[in-house]
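Same chain, two partners: chain A is paired with chain B first, then with chain C.
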Partner chain A sequence: MSEAEERTIELLIGPQHPASGHMRLVARVDGDVVVELRPDIGYVHRTVEKLAEVKTYLQVVPLVERPALADTANHNLGYVLAVERLLGVEAPPRAQYLRTVLAEISRIHSHLYGLGILGIMLGSSTAFMWCFNDREPLIDLAQELTGARLTYSYMIPGGVRRDLPPGFAERAEKVFRYLERRLKDYERLYFRNPVVRARTEGVGVLTREDAVRLGVVGPNLRASGVAYDVREADPYEAYPDLDFHVVTREEGDCAARMWVRVDEIRESMRLVREALSKIPDGPILHERFSKAIPPKWREWMEEKRRVKIPAAMVSLRIPPGEALSRVEAARGELTFYLVSDGSPNPYRMRMVTPSFRNVVLFRHLIRDCRVADIPAIYGSLDYFPPEADR
Partner chain B sequence: MMVMLDLLLDLLLSPWVFVPLVYPGLVSAFALLLFIIWAERKMAGKVQMRYGPLYVLKPLGGIIQLVVDRIRYLFQEPIVPEEADAAAFVLAPIALFTACLLPVVVIPVGPEFYAFRSDISLLAFLALSSLAPAFTVAVGWASSNKFSLIGGLREGYLALAYEVPLVVSALAGAALYGTMDLVEMAEAQSSVWGVCLNPLAALVFLLLVYMETSRFPFEISEAESEIVMGPFTEYSGILYGLCMGASYVKMYALSLLFTVMFLGAWHPLPPPTGTVLDPILPGAVVFAKALAVMLCGTLLRAVYQRYRIDQALKISWHTLTPLSLASLALSALVGVA
Partner chain C sequence: MRELAERVASELGGESGESPGFAWVRVPPEKMLEAARMIREAGLEHVKAVTAIDRPEEGEIEVVYHASSYEPGRRGVLALRTSVPRDDPRLPSLVGVWPSAEYMEREQWEMLGVVFEGHPRLERLLLPEDFEGVHPLRKDYEVRTA
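Coming up: the complex of A and B.
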């Protein structure tokens, strides 16, 4: 055993550890300094990609939502976009706006989730409880639109399942006013708390060059000063019509990653407000599918303002081909690659999740720092093991 | 028979039995332990938009939740890990709890009510209370667990850093009254409290009360998200109960000392009524003040996050130690005048 090895001890953090999540962190520590940290992922691998090959195209919609429970709408959207590109159809404008609204609501409560986890990892049970509590109004809002709290399965190939309920914009406005008020409380007790500043500022600094070199995505990339956001770089759905600007920070430390999420919550609220004020009238399902619905059901759809899923969609067969879609999920760029061989099931589905692309940061950032910085950096990355493991 | 009972009652009510066993000793420490943890959870719950303990005795807001928890701890199997040093593993928590409670015997809870009186009772308190961290280190070592080891070592580092300014600021309090006898110190505050005479010493001492007893934001040796439960990771059952209670009991002892030294002890005392209340009242005043100090300390959990150990050491050595020395100088000035 070399001298360096004798000085250090190996610390197995997780998978049974209060702050490890569904993964193991193998840390080598010298006194209070972490010399090396290896993330051991895969504890919650659920074969989502392989399962997709034995399910029909519609059955895959709920499947792809499962890995990222806090951010299901964006995963739903990414997959549906890939299917639509294979089919060569595009959702009608109203459906595109509705998708955007739900994607942004989902982003807000996913960011609150991440901020709550950062709070408890820094030791503040109040930050954790507040963030998780204040997800509720947003989840209620999404429930009103979709009928589900988290696993919405709202977006289907060619459109969305339900139309906007009456009075939705006013209730959304109420929720956002509440959240804006709460964010001020958060700033006083959490974001600008001297202890939080001492624990996050200058800790786990990711330089701009490293962020680009390592292929980091999402808020973690933007906190290092790279203004890259799929919503702007490769706009989809209603984003081209909306006045959107990319939130960035220059410092690249834990505090910057936290602030990017906070500012993105504000930006998302603005986007939802704008989308709800601009939303066009019209159908919420593409003609290709709505014309396959019997007239009796079409009347029912008009009356209930929701979609009866046609048989043509349930047993959807897509001509052979391949398609790629990119969306900006809450944790970063999410890519779907879909291959069809003309059968009712996808021939191959590949899903590259933002958490999987960010896992490299554990190794890169948690080095030559203190043991107490492990949870601080982990929390600031908003890393979600099930999403990375799929 | 009656004579026997009278004798027994006399013995029980005599200060050298009553103080260590009933108040402010063992019985009140246990009662307080049950209350303060409930109050902490209830206050945190209020801040965090939830109820906190509720269902055990619902009309009183779940106040006996902790009694139930203690009973569960009592009947839970205390597991001793195979690789642990069994004797130390079992004895160290008991010694830790005892060491945290022991200093209480020095505290006078009334002008005439104390277990013993000495010229150096303050030093006796400080000496007894500084025993506890050694047992925490022993707990961490005996568990044969890496998280426990790190937690124990953290406690060792922190105890060293905290003891120095704590003792210096306590001495500043002693210099203020020109005595180390706690009864004399209390009586010296009949008109003006120590906290008004030397606010700096009081502030430093109060901060260190919270730091020594792992209140937030200095809950570092047990930091859950870093090292699970620190030195107490491997414990279960009543041994865990003792470990968990130790820091609260230590806070109780230190809050009592803070009350006696800086918060005027039993002053202002209402005029004697000639009833049975007279001997109880001073003790009740001391207890109420100490309880207020403890409640402030527990509320911090809902406000603060957790400092890193290097930051806490820096705060202690670089800020609080110079401040405590300054408070000593201030005491010298005020004491002369």
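Coming up: the complex of A and C.
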């Protein structure tokens, strides 16, 4: 054993939920300097890809939502888009707007979740409490639209399950005004706090070149100056109609990653406001499915402004083929690759989540830094183990 | 992307096509490394997914790399695909060309038993350390459901 090796010791962190879910970090440290760190993942692997092969296409909707509990809407959307591409159908415009609204509410919710986790990892329990508490009004909004707090299963092949409740835009406006006020409080207590700045600025710097080379996604990519966002690169649903700006920062450090999320919350509020102000009238389910609904149920649907899921969707069979979808989920690009063999179950469902794309950053960023930087860097990545493990 | 797919196919002796969401090119396993380099040189610097698909009836496992770029003008998706025999699935690792493939190749090795030769770390990733038996994403792995 060399002298350098003798000086270092192995430090095991986790897997008992070190932050945002069960994972283990295996660090080699020299004093309090991290020489290298290896992420050990898989503790919350739920076999989503395999389970999809024994479920029907509709049953997979709730399944793909589970890994990313703060961002279920975007996972729901990515999957449904892949199914629709296999079928060759598109949701009607009103449904596309409603999906966009929920996807952005979900993004704000997820970013607050991530900022809360970063807060507690930096030792600010107040920041954690504030962020987590302020998710509530957004969860309430989503519940009003979908009927559920977190696992919405709102988007189904060809459309959405429910229409917009009356007065929704006014209530959303109230929530956003509240959140705008709160973000000012956050700036004073949290984002511009001298301790937070000292712990995050210049720490865990990811260069633009490395971000691209490693295929990093989401706010972690954009904080390194890469203006890539699927909503702009390959626009889907209502995004082509909306005035959307990609948020970037140049520094690539923990603070930049935090600020991208903060600015994206503002951008998402703008997107929801715009979408609600110009949402078109019309059906919320594609004709292919709505025509399969008996007239009695169609009346019920008109009255309740809800969809009765037709038998043709429950036992959906898709002609053999393959399709790829990508959406900008809250933590970054989410890719679904779906293969059909004509049976009622997907033959293969590949689901590559943003956290799985970003797991490489633990090894890449957490080295030649202090042990105390581990939580700051981890927190700044908004890495969610269940989302990575699937 | 379709153009690039056709160019790779004609230079390396493969076939190309299009599916919803991406163009694709299929080459023999021994041409994968060369094809990946061509695609990388055309500016597609990362992969969004590495997927292995078990096809027991053909006695094959198909492996698909969905490559793309963050740069405006080449943000479409090109899939590089090949098939390897199911009883001895081997192909060169493409981590040297696309570092972003590292964890995904490792996962597909674990889940389907595809050996990516030259991969820096083909070790357990998501499954328990003491897991034994059929690779779970192979079709002969039985899922017990209630």
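Following the convention adopted for this analysis, the second predicted complex is superposed on the first by the 385 of 390 C-alpha atoms of A that agree within 3 Å, B and C clash if a C-alpha of one lies under 4 Å from a C-alpha of the other, contacts with A are read in each partner's own complex, and residues count from 1 in each chain.
By definition in this document, a contact is a pair of C-beta atoms (placed from the backbone, for glycine too) under 8 Å apart; a residue touches a chain by one contact, two chains touch by 3 or more.
Everything numeric here is computed off the predicted structure, so don't read it as measured data.
Engineer: Of the two partners chain B and chain C, indicate the one touching more residues belonging to chain A.
Structural biologist: C
Engineer: Of the two partner chains, chain B (first) and chain C (second), which one does A:Val195 touch, if any: first, second, both, or neither?
Structural biologist: In the superposition, A:Val195 touches chain B alone.
Engineer: Determine, under the contact definition given at the top, whether A:Tyr228 touches first (chain B), second (chain C), both, or neither.
Structural biologist: second
Engineer: Return first, second, both or neither, reflecting whether A:Val352 touches chain B, chain C, both chains, or no partner chain.
Structural biologist: second
Engineer: Over in the complex, which chain B residues touch chain A? Could you list them?
Structural biologist: Chain B residues touching chain A: 44, 47-50, 146-147, 150, 216-217, 219-220, 223-228, 301-311.
Engineer: Over in the complex, which chain A residues touch chain C? Could you list them?
Structural biologist: Residues of chain A touching chain C: 41-42, 45, 47, 49-51, 53-54, 82, 85-86, 88, 212-215, 221, 226, 228, 233-234, 321-326, 333, 335, 337, 339, 347-348, 350, 352, 356-357, 359-360, 389-390.
Engineer: Can you name the residues of chain A that touch chain B in the complex?
Structural biologist: Touch list, chain A to chain B: 9, 11, 17-19, 32, 119-127, 129-130, 133, 189, 193, 195-196, 198-199, 370-375.
Engineer: Can you list the chain C residues touching chain A in their complex?
Structural biologist: Residues 19-22, 45-49, 51, 53-54, 64, 66, 70, 72, 75, 77, 79, 98-100, 102-104, 111, 124-128, 136-137, 141, 143, 145 of chain C touch chain A in their complex.
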